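The next block holds one structure in the form of structure tokens; read it before the comments.
Every chain is named by a letter (A, B, C and D) in the order it is written, and numbering of its residues begins at 1.
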């Protein structure tokens, strides 16, 4: 395990310390928690946004804290959902009287812990609502199973719901637009290498020297096809075609090409070229493109592609000012 | 047979011992069909449970269980944290006020714990989760005279049976048919809990 | 070689295409070159900044194009200095009458190619000057040899000289402040894994499963010590001590903790924690901290630390508005 | 012996052939003491030189060399691009106007090329660079009757000698003593150039 760490069981604590030291003017840690919040939280009268999940997906989620996006992020242990008491601390820290909105990715652990926190907060008289993001089309959509996973498309939910809250939207309005984003966003990823959870010390799966896996999730959950590495163009086709087959994107889209950790920006741009070509062939107009690391899986090599179908409302909110370091507008 | 505060303390203590020993094994079960953290999560949680238990005095069993619940809830995380937290919370509520818990009352406690898990996890038996161990164990407590040996065997068999089911809930559900042939990690940690319980019963038999 | 690419000999072309497609409103490619420039270049009356070098260091250098930082970046082949004709094209594309300033990293290839371009541009009547950045303290400082390498500290030169140009500074003033930055910045890196140049297909060096190299350069140039992986704290000490020993940083500094490609942000923050502790022990005040990927080496795992001693002038220029995606202020 | 346009064309053609063949070898020389791109750089540059040469007609040798220079300058990159570009530019200037180049004139051309490399690279013989091949070759041309065999041998020995020097210029300088025992990649590509030249001379001998 080649990592720049100290105690593998202290990585989240150490990371948060280093993060706050780097951004003392804009971030604060809620004392004795793994909750990071806007320095000026709670912002009175504004709906507050809280997101979070297991650590190891940086810049998700603390990188999205800032005016116009999140008010707080709850950092779980690596790849482990944070606990209800931590989420509750975040809710308390940011509630400015207008209610708190939770962005939850659809993993059993995240859903259970955030929902319990919501119940606890509501019991304290705080108005809370939430959205569950499930953008990963690699998983079959079924209400009988766990359902689709939430991956990088979550970033669009942060940005757009955050802009709505910043613009003075009510808790109901923030929820409505968040649900609209969830309805209009689809993603799929692929991996070239596994990653290692520090406390585990070994990868949870292996990929041969010439193998890749299409559809793999951000914790190494299985995809839909493991096979030989293909070209960037073929990867772009595999991901984009599956996304386009799942939802009618005709019209205009925002594109997010996300690196999982070890994949150089160069490769993401190469992929982006083909994605744009595919969309152009389909007559789909690209409104905006975001290329970079938005939701990673530690040092995994690979990428994901997300498409968000945009209308005037979503475009305006996507373009609204944001001071979150990982999604500056 | 009746269970008192010390018995409950002993149950948790023995559970912790096994979980610490089996930490890597539990994690390894979570690698092929999960995200490889179940042992880490449970070991972290139970370690903290022990720390907390040792610094408090308890009047009655339900207080022990309440404390276990709160600590698991706030230290385990993932899917298993809220599920075990809920289970112990419900159990604690069911035996509230009792200094000494009869087998009948304890069975009721286990039953409401199981119901709590199902409700929280929106899941049922047969979905390759820890419910597949809790469910036959509760049944065992309800239907017949519980002995330590039979409890142990019931829990063990139930855990092993999870190799034959396809996961439809939790992270393992993404593996679909590929989840066949693997023991569900949560079933294994639940087995260790009931194994520890069986040891407590044995000491009293 | 696990890469998301098409033809290994076309990676730079494909990358630039994908980059321009992602940023059509802010970037343009100078036709038939590997030069990327501000969409609105040339900006009349402003000193224009050109940087560049081999590709594979993304976001360096095209990510620093934007109001307040660079006007153009010249992308060489992977790890290969761009050629004089390409640099000349960049100079021509951005010259707005007030002269063009070149930021060159101290590698023989970069220096030779950029200097030849400068001569050619001057022959065409364009006012050109340059600075050579040599911040890497892993190399002994000697005028008899190639001298110190230029690494991530270059980013501070881009930002500060760019701000000076944006503020209306003359070519001489821009050069003066760039030289001031070079005089006040020191860096050192370390690597955990090698990287693979796409056209080569194999790594140019190996590191054992438990090895790291302190002082390694951004193209895999040798460092000062190869040994077993140590803790993040020890790595922070090794890098920071060597930097502090090289120059008197007492007073106030800006800190740049840079990931080389595969190293997760989590690890950079863990490193940052210790760096701040060391600086605090030394009584050195941290004015600002930047943590992220600023100058990478493809998919190399590792990091570098840069310290810039700042005074009022440098602070003001560092804080000036910037629209460059890789260094937004 | 005199060299005409065809001889110069042939020289470059033969150089390209060897460089393409030795591309991976040159790159492998650049891996232990450089950044592993010298073969890639030279192969890319000379390929382009051949493309350009074949689409043009040349009146005199200096035009061939000028074209070679410009193409190397704009296609090779790295340290070697400007150095070889400068060398061929200077050589071209030195023989400008001559339809047929005597050995004496060619020697002058090589001499100014070498001076150009030194000046551009701010370096001298003994620093483990391509100068270590150019320098003895130029000396060989100046001092004695050049034969293809002796030229070949001089260049080859000079290249091999670079294993005994420590680099103080170029990327290899960072390797300090560790650069000992390795052939300098630029010396190897220069050797291939003079080997090609020797073949041209041999064909005329």
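The criterion applied here is as follows: contacts are C-beta pairs under 8 Å (C-beta built on N, C-alpha and C of every residue); 3 or more make two chains touch, one makes a residue touch a chain.
Just so you know, these numbers come straight off a predicted model, no measurement behind them.
Note on connectivity: the fewest steps through touching chains from chain A to chain D is 2. Centre-to-centre spacing of chain B and chain D amounts to 76 Å, using the average Cα coordinate of each chain. Distance between chain centres (mean CA atoms), chain A to chain C: 29 Å.
Separating the centre of chain C from that of chain D, both taken as means of CA atoms, is a distance of 32 Å.
Chain C has its Cα centroid 54 Å from the Cα centroid of chain B. Counting partner chains per residue, chain D shows two or more touched chains at no residue at all. Contact of a single residue of chain C with at least two other chains is seen at no position. If you draw each protein chain as a dot and join the dots that touch, you get a simple line with two loose ends. Listed by chain label, the pairs that touch are A-B, A-C, C-D.
Across the complex, chain D meets chain C through its residues 27, 30-32, 34-37, 40-41, 44, 73-83, 85, 120-121, 168-171, 173-175, 178. Listing the residues of chain A that touch chain C in their complex gives 2-6, 11, 14-19, 21-23, 55-56, 58-59, 63, 192-193, 209, 212, 229, 231-233, 235, 255, 257, 261-273, 276, 286, 289-291, 293, 296, 298-299, 301, 303, 325, 328. Note for the complex: chain A touches chain B at residues 9, 54, 76-86, 107-109, 112-113, 116, 139, 144-146, 149, 197, 199-200, 202, 204-205, 217, 219-222.
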